[in-house]
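What follows is a group of structures, each given as structure tokens.
Shared between the two complexes below is chain A, which pairs with chain B and chain C, respectively.
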Partner chain A sequence: MTQNIFRSIFRRYIVITPILLVLIVAQMEEYSQLTTSGTFGAAIRLAIPIMLAGLGGLYSEKTGVVNIGLEGMMIMGTWFGAWGGFTFGAWQGVFIGMLGGALFGLIHAIATVSFQVDHIVSGVAINILAAGVARFLNVIAFEDIAFASSTASPRITGDIGKLTVPYLAGGQINGEETSNLFGYIEELNIFLVSDFAGLVLGFLSNISHLTIFALAIVPLSVFVLWNTPIGLQMRSVGEYPTGSESLGVNVYLMKYIGVTISGALSGLAGAYLVIAGTGIYLEGQTGGRGFIGLASMLFGNYKPFGILMGSGLFGFADALQLRSPKAVHGLLVIIAIFLFVLALKTLFEKKYIPSLISLVLSSGFLIWFLNSESIPNQFVYFTPHITTLIVLSFSNQRIKLPEKIGVPYKKGELN
Partner chain B sequence: MKFSLRIASFSAPIIALAISFGLSSLILLFIGKDPIETFQIMFEYGIKGKSIVSIINRSIPLYISAIAVAVGFKMGLFNIGVEGQYLVGSIVAAFVGSQFTIITPLHILFIILIAVACSAMWAAIAGYLKVKKGIHEVISTIMLNYIGTGLISYSLTNVFDEKGSEYELPRTPELPETGQMPALNNLFRLEDLQDLHGFLFVAIIVGIFYYWLVWKTTLGFDLRITGSNPVAAKFSGINPNKLIVVAMVTSGGFAGLVGLGPLLGYFHRFTIDFPTGLGFAGIAVALLGRNHPFGMGVGALLFAFLERSSQILDLNDVPKEIERMLQAFILLIVVVFYEVIRRFIVKQQVKDASKKVET
Partner chain C sequence: MNLAINTKNISKSYPGVLANSNVSVQIEKSSIHAIVGENGAGKSTLMKILYGMTKPDQGEIEVFNQSASMSSPKEAINLGIGMVHQHFMLAKNLTVLENIILGIDKPSIKNLGLKKYKKLIEEVMSTYSLDIDLDMFVEDLSVGEKQRVEIIKVLFRGAKILILDEPTAVLVPQEVNELFKNLNNLKQNSVTIIFISHKLDEVLEIADDISVMRAGELIDSVKNENVSKTELAEMMIGKSLPTPPPRSTETKQNKIIDIKSITSESVDGRKFFTDVSFSVFESEILGIAGVEGNGQKEVVESIIGIQNIESGEIFFNGENINNKTTRQRLESGISFIPEDRQLQAMIMDMNLTNNVIIGRQNIEKYKSNLATVKTKNAIKESENVISLFDVKTPNTNTLATALSGGNQQKFVVGRELEDNPSLLIASQPTRGIDIGAQSLIWEKLRQSRDNGLAVLLISADLEELIGLSDRIIVFYQGSTVKELSSDDVSPEDLGGYMTGLKK
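On to the complex of A and B.
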């Protein structure tokens, strides 16, 4: 029994070791920023767009359509979100952003489902189209408006609203301060307990209403995809379209629904960046987050809560670079120790060359850590992207893809 | 293939062009501009002598970028990372090339080799990650683009920056005279126009080399058969993993040449103004030209023409960004029509074959 537990823990070393290391390093005064509620709050804000894009990818890929166009649909979400937010108000902006994304989802569906274009080709084309359309729309829509340029929109009007839970996180009731239980625990600086309180506080204080709306989509997706007839039909189309067709499932319709929802969620992801984030549309603001969302979907093994976890991880990496470049420096020692553990593990498995490589890299990171005060800004900028690559290289082996993923389906053809 | 089918396969890009211009016209009408007048202005400006030189110069990197992408496409490998690859290659080549002087042909050859090697190595990472770690190349190359951009901006300020220069923005030292590619103006008697980049010759050689590599060598055969039928390829004894790495490295090698047209012919150094986006544009051109060396040439010229001719639009109070829309429309519609026509041709061939069997 105990052996089994140890074995399963050892198998998950890839998740557990970094978490432990982060906790330990966070105890040092210099790197305490690693686990404060502020960092976790920022991590959540940065994780949500990635999570939404990941969920978008899920709906599409479950119906068997690969969606590389998430990034483009997200770009539409940012522009339409900003335009809607500027013209009508925050919530309207969210809705219009979703519509913009859904429209591009629909285009992807038309190309891949009705015309059987290669899914990746269509996705790439969607990304290029979205970049062009967003630039054009921004130029014509905000031509005569102050504070707008060809690559930026004016600030949105209205505010989406924020929530701080009373009693637990010190929110207000009728304008009166209440106690801040988790805040108090966080201040105590007890190993693990305070770090955990920081995490909870990140979820409870200063949380945008849009974040709550977005988080609600996770359980909703579990329900829709695994507990409703339409969800079953959508999944069956991705696994075995010919069989589904013979059972009377409208394969094309299901794929259209899946890809359009995918677009809407990516659009929401983009709108979130604008409305809960910057307040304006900026060209290139999505920064590859659509692709990171796709990575979080792979990391989460096509499960909504897995996607939530994965995006949390990427969001955390992203938050560190924004909150405190100093804390990213702390990551160096974490990477060094992690690589050292990996070197030991591969050594026990008698894989000498990978072990040696890990050891060399580990010492390299250690030397870098000891000889520097902070990481250059330009490196901090790609923390989320390199995290994505590292995480995927260690977690990709156990994925169960939908059976007919990426295979164009034509009615009446056997495949 | 029958003649009528051959005609049909050429119709796709023409239909796509027509529809794209139609859609763009509707949009122009919607924002209150006259589409016919707009396109007329663009065309008149685009065929001026000055514009034509500029179009050819612009099309050189576009064409090479398309070829880099096409090498991957031929075996069903999507190298979206040409963008990062050429930038990484260009900056290293620009710096190393500026550090010494030898006779011109050797100097240029050396710069080319450096750029090709660096870009190929950068692309090899994605090949390694796909083969060893199972990460899809679209995700890894995109991530590598961002990582590359970060590394470039770091090394431009901290490693490759020109020492003791009074210029406030970071830039690499200028290539010495011997490392600059001479222009072709004297050759074509274009004395009164701007420089026609000498890299045009390299682009043509690259096109021929690509054709030879993909259609006339065993490697090319392996690439094509893996692209069209991976299962058959595996059974015929092709090692897919090895091929993935080879294709990725080859594609990256071509990508190394993308930035050299502008570098050797005009900029002579890597600055923060160095052209970006050529990698993504190359994807579009490769799709438009169906990975064919001639088709991609036409595609590159078309996109370069649209880019150049749209420059005049701002003076006529039409947003020049219409050109980006137009390019994107062409791309999306052309991929749809290629598929439609392909299916139509397959259907016709099946019909013909069954007729022959009956008679």
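On to the complex of A and C.
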């Protein structure tokens, strides 16, 4: 029993080691920003759009359609979200943003499923089209409105609302302040306990209602995809459409549903950027988050909670970069130790060359850490991407791709 | 007599082929009924009709004494007919349980009820004494286990009649025994089993009744007790054979290819062939007879170097070619017509000119001084092939996929004969093509043989084999069991050796 626990912990070293390292490094005064509630709160806000895009990718790819158009669908989400938010109000904006994304999802489905266009070609076309359409619509819709330009929309009306849990995180009840239990613990500065309190506080205080809505989609997706008849049919279509068809599954319909949901979730991701973030649509606002969502889907090995983890990691690195460039310096030692652990592991597996490379890189990072006070700003901005890249390339897990992903399916044809 | 299935005068024709002609077969309830026949005898068509995948042109089907007309597999399933395909219809990354219940519920958002289904399936499994771990991923199952999943899948849907399409083709012997045990269990639980096969030993071991098909017709249905393997082989292969046209030239004495006791086994230790020796002389066609899967395909592949051999030597024109690469072998004068033209012989999305150069881009004719191909020569070459072999195509720029099967095959044969090879390996050179193309290819093969070419011919079509070959060697279970002269071989003899009846 205990042996099993140890074994499963060891197998998840890729997740556990960095977390432990972060906790340890955060004990140093100068790097304490690593685990404050502020950092975690920002991390969540930054992670949600990526997570939603990743979930969008999941629905599409599980039905066998590669969706590289997530970015474009997200752009539609930002614009339609802003337009809806400006015209009708915040929640209506969320809904209209989802519709905008879903519309482009539908276009992708029509192209790839009905007309058998290559999935990558269609996805690239969606990305290019969406950028153009968003600008076009922006110019038309906000022509004579103050504070709008060709690349920006006016501010949305209304507010999505925020929640701070009373008693635990100091939220208000009937206008009265309550105790802030986790805030208190965080300030005590106890090893691990305070860090953990910071994490919980990040989830409990000042959290947008839209964030709660988005987080609820994670367990919902697990339920829909793995525990309902429609989810089973959707997954089977990505695995073996010919077999599914022979059992009476409507392959085309399932693919359409998957890709359209994919568009809707990407649209939600875009709307989140606008409505829970900037409050206005800006051109280029998505900044490649759709692609990073795709990466988080791979990192999460096509599992909703894995996607949550992957996007959380990126969000954390992004938050750190924004809030405390100094703490980023602490990441260097974390990377160095992590690579050292990896070097030892590969050495035990008798893979000498990867081991040697890890060791060299590890000492490189350590030397850098010891000989510098801070990291150049240019590198700081780059932190989230490099972190994602390092973790992705070293995670070395067996990714379970759907069997027939990217393969066009024609009814009645054996393949 | 209590019948599960009764067909009356079923006929089905495809363009150019009469796949089933007046087939009337009675299948008794709770029995194992085998349908045997050579490849292309019409077994599969009959099964597709019974499973609702195709509609017969005429004829009636009765299922459990009720007239039935099925237009889709779903209707067949509702009538209690289930089919286990030779290629399993299973999704690898889903669990066994998910594969079994897929498609039973309408696509709705409610709880799947995995626990409920698990209990129901376990009941079915214990009724029929079948056993499998429902929570495993299909990916991790052995071939035999996957087959069991397919059987459970159709039984769970209420099938009372089970069609098994060549179920033993993919199994190793132990798994075959396990399958037969399971099938007998099913029979005792009043399931009717239709067992399609061309392996006579297995059929005689498991079946109660045996129906033999040949060239689209049902030759006879017999009880297992009343028939011998020889009689079955005779019915299966038929007696009539065309008289081969007399040849005017003589076989020369020098050996073109000389194979000395080669042996090969697969990665998991199964033997492909053991201790095979034979040689082909100049100006001779050597036929290889054998039921599919007895090692002849692998032997041929080892000659051109696709298949590795563990021991033995191959001499080509007196030179040991064991260590030569496939390209070196092809360039030294071996030509190869693979058995699957669409998968191995041509690239379907390339035009004919490109298809003529494939694999030959290094020979003098096509090589220019730069690292490019002399397209002009290639076009001339493909025009040459087109006119010599009467390939019906608008021009050399046509994609291979636009040609009919017969024209594709003529083009392949023409291409392979073009560079005056000294050995041609022809694997199923006329499979599935029309009669016109077939006789043209036969004629060309004879001509080239008379001009000195050595041909190694592998064919499932015994008429073709006996008609074309000068000598025939028979493969059985990975060894050559007999060498015959085609002048005095009877098809019964050949069938006997092929099925291991005669030695």
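Here is the rule we go by: the second predicted complex is superposed on the first by the 379 of 415 C-alpha atoms of A that agree within 3 Å, B and C clash if a C-alpha of one lies under 4 Å from a C-alpha of the other, contacts with A are read in each partner's own complex, and residues count from 1 in each chain.
Here is the rule we use: contacts are C-beta pairs under 8 Å (C-beta built on N, C-alpha and C of every residue); 3 or more make two chains touch, one makes a residue touch a chain.
It should be emphasised that the depicted structure is a prediction, and the values quoted were computed from it without experimental measurement.
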item	value
Which superposed partner A:249 touches (first chain B, second chain C, both, neither)	second
Touching partner for A:402 - first (chain B), second (chain C), both, neither	second
Winner by number of chain A residues touched, once chain B and chain C are compared	B
First (chain B), second (chain C), both or neither touched by A:185	neither
Which of chain B and chain C A:124 touches, first, second, both or neither	first
Partner chain(s) touched by A:229 [first = chain B, second = chain C, both, neither]	second
Touching partner for A:163 - first (chain B), second (chain C), both, neither	neither
Touching partner for A:309 - first (chain B), second (chain C), both, neither	neither
Residues of chain A at both interfaces, chain B in one complex, chain C in the other	none
Chain A-facing residues of chain B, complex	27, 31, 78, 80, 129, 132-135, 138-140, 142-147, 149-151, 153-154, 157-158, 280, 283-284, 287, 319, 321-322, 324-325, 327-329, 331-332, 335-336, 339-340, 343
Contacting residues of chain C [partner chain A, same complex]	73-74, 89-94, 98, 101-112, 114
Chain A residues touching chain B - in the complex, by the definition given at the top	68, 107, 111, 115-118, 120-122, 124-126, 128-129, 131-133, 135-136, 139-140, 143, 150, 287-288, 291-292, 294-295, 298, 376, 378-379, 381-382, 385-386, 388-389, 392-393, 396-397
Chain A residues touching chain C - in the complex, by the definition given at the top	224, 227-236, 239-240, 242-244, 246-250, 253-254, 400, 402-403
